[in-house]
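Input: structures, listed below.
You will see two complexes here that share subunit A, one where it goes with subunit B and one where it goes with subunit C.
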Partner chain A sequence: TTTTTMTGFEWPWQYSFPPFFTLQPNADVRRTQLDAWCALVVSWGRNNNVSQIDVTEASSLPVFKNPSISRSLPADSIMVVLEELAKRGNLEWMDKTKRRGYLFWRSPAEWGQQIYTWAQATSHINSVCTLYEISQGDDTINQ
Partner chain B sequence: MVFNILNEPILAITSYKMRRRAGVGAIQRQKIQQDKFKEKGSEIQENQLEQMTLQMEKFREKLEEFAAKHKTEIKKNPQFRKQFQEMCASIGVDPLASGKGFWCEMLGVGDFYYELGVQIVELCVATSHRNGGVISLEEALRRLNHRRRQDNQISTDDLVRAVKKLRVLGSGMEVVATGSSQFIYSIPGELSMDHTTLLQHAENVGHMTVSSAASNLGWTQERVGRTVDHLLRIGVAWRDDQDRPPTYWFPAFFQQCTTAE
Partner chain C sequence: MDRWYWCNSSLTSGEVVSTTVNGIRLYDGDKKTGYDDGRLTLTNHRLLWRHETQSSSLGLHLSLVVLVEEEAGSFTSSPKLLLHLAQPPHSQPAGPVAASSNSFIKLSFKHGGYSSFHQVLQKAIDNHGWEKAPSLPCNYGKQPGGKAIHTGILGIERAIQAKQEETNQNISHAFEDLKNLMGLAKDMVSLSKSISNKIKERSGDVSADDTTQFRSYLLSLGIDDPVTREAFGSETQYHHNLAKEITQALEDPVKEAGGVMLLSEVYCRINRARGLQLLSPEDVMHACHVMKKLGLSLNLHTFESGVQVVQITGLDQEKVVEATVEVLNCHEVDGVSAGDLARDCGMPLLLAQERLLQAEQCAKAVRDESSEGLRFFPNLFFSRS
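Right after this comes the complex of A and B.
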């Protein structure tokens, strides 16, 4: 069973799994774990309208802890997750100090893919559009 | 000349010398007699075997007729399918043995299990990143049947057979019974007895520390450590460092994982 918040957000099974809050020693397993963490942070961010993350406050974000199993992701592990998000284009550091970052629910690459697919579907390939046309135009009413 | 029942000339005993020769002859005659009886015995045996073979052939023919007539039923009904398999096994027929021949072509039974085998492999590959290559038969059944039409459901027996066939093809997959349940292992490389014993224990307790496992299994801590290390490396076990001492958990036995989408 997954636990849901009032906003209907469904936590993935890993969130109830105590070892999920410990970075796993094996590289392959860790990669899978980070995949799950990144997906979780992005979907939680989208669901809760969180578009910025401050490293010093990150430990208090609900996404990084689960009180029902008394587990929370340690600060240095949070940093690893954030760095991973940055690598995937879902986080952009505001400056070199890496204290705050913008959280992108869709990475630029994903946006690119979305727009390209839309362009194909509406026959806009090789033409020029304004941002307004893309986001508000007649062809995008249902997108 | 006088001949006895075995068509051998009988020597008339006329002198001492001849008697001696008759003694030797008697032994020889006895041997020949034994050989003849043996021959007769084999002949009877052969006859019986021939009879039996004929019977088996007749039975086989009937079975083929039956199979052809109930082809649809076999494909759709797991219980029926199982009984049919058992009937075949009792006369040494394996419908899944080869890709050619009556059974496979006529029935498509081979196809059925082949396709199921492919689906099982796909499922294992898709879920191994989170369970390390260990999936319970129950979970596999649930997920596979979810994908199939209502009139095309499979049974546990079907799964076990399909995995057995996969094993023969050298896929490295096998069904292992640990504890009260059965699991499909699709882990590259062999699992040792120690690994499966520890997993059996893990299935019962859910999570463990090195010392709890050591005392429950009667092993040294070093042996537990070695075994757990391997399971960590392949992702079957995960470590929780926020417990003192660290505990080890197993996604394959974690309820939320096995019931997740």
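Right after this comes the complex of A and C.
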């Protein structure tokens, strides 16, 4: 079953699956679980325009809890998810203390790929563009 | 030193020699005298000192001895006895020293033996032997002062005291024997320890009967037997036979229980079946450990958490996991706790828990930890996208 929020965001099926909120001890299962979590955090972040995550406030973020099944991800598991996001390039810590991080819906590498693909399509390779041109220009309306 | 007087070695009437000791030097107070390396004779009346080259002796009446003290010897000096003396009577015959400022003398024991001499000397002094008349002691009529009183209250008191002393002596004598026994026992204990160590090293060569017998001896002595303490290192024929016996007795019950039975239950059942000659838990465990080696139809399986079960050999673990997953699939919404599984399938709680953990290890089940407890779900992470 899927549930939707006011913004039309669709929660994935895992969100309603109680074990999703317990970090699995089995390594293989955990990898799959973390994949799902990372995807969820990124898509939820994009949907709700969340660009920064503060570790101390993270437990109260809606993404990490589901009241309808009375489950929430414990703080240390949240940390594991954030670390995983950082590893995949979706989160960048602001400082060594790892208390706040920038959330990237696309990792810089992914952005790079996107821009390159767009540049190829619009034959902008080897020319200089401003950010304005890239994001608001006529060629990018659909992107 | 002026209490000594010259005399000959003959004894007066009623005087009896108690003991003699050699190598005695006389001291006037703390000063050494020239009277060295003599033979000291103790009688019930006095002390006699004589050097072997001389014919005459020095005598000291015991009545003059007020107190005797011991002076332990050191590296440089011999042990000594210190005798505090009273003033000599005027009637005393001439001695080597006319007058001395010291009222004590010392006897130096070059060859030792001063402690036992002290005891005898003290006894002689206490007895006041010189006061007793040479004839038979008078038990009735006149009792001149100083004589040992055998009748009356004092006599009774003395008798009681004598009896007490005798009892004390008996007791210490009895404990002397005990001391000897303890000494012997110590030897025995160390001997048996060394034997049991040898057995431990050569565990293959010693026959089972001897070992069992020896172990029973050690047990009666109260010695921890190092042989049985090793974790199934000492598989004896005894355990092999035991393994066969357990398998024979419990194969059917284990099958009925679903092919798996907790080791604790096995222990209870086998002892129930035996009635007499019960087995220790350790023996049951050792026996189950060797089951696999012997290729019996039952064997011991240890879970990661340490729980041990006896199961049918060739029990397909995969099938067990499958069965568990099937139960989980029926409860996709709420999950299954160990208690639920135990109740549904009629198995012990511990076993149910192990089954769930086993399924989790095989990535067929996932856990849900919450304030409601630990529950398990089928692994939808893998089965669903």
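One rule holds for everything that comes next: the second predicted complex is superposed on the first by the 143 of 143 C-alpha atoms of A that agree within 3 Å, B and C clash if a C-alpha of one lies under 4 Å from a C-alpha of the other, contacts with A are read in each partner's own complex, and residues count from 1 in each chain.
Keep in mind that, in the parts below, contacts are C-beta pairs under 8 Å (C-beta built on N, C-alpha and C of every residue); 3 or more make two chains touch, one makes a residue touch a chain.
If you're wondering where the values come from, they're calculated on a predicted model, not measured in any experiment.
By the touch criterion stated above, A:71 is placed in contact with subunit B and with subunit C alike.
Shared-chain residue A:29: touches subunit B and subunit C both. In the superposition on chain A, contact is made by A:17 with both subunit B and subunit C. With the contact threshold set out at the top, residues 13-14, 17-19, 21-22, 24-26, 28-29, 32, 70-71 of subunit A are in contact with subunit B in one structure and with subunit C in the other. Across the complex, subunit A is touched by residues 335, 360-361, 363, 366-370, 375, 377, 379-382, 384 of subunit C.
For subunit B in complex with subunit A, the residues that touch the partner chain are 129-130, 132, 207, 232-235, 238-243, 247-249, 251, 254, 256-257, 259-260. Chain contact summary for the complex, subunit A toward subunit C: residues 13-14, 17-19, 21-22, 24-26, 28-29, 32-33, 36, 70-71.
Taken in their complex, subunit A has these residues touching subunit B: 1-2, 12-14, 16-22, 24-26, 28-29, 32, 70-72.
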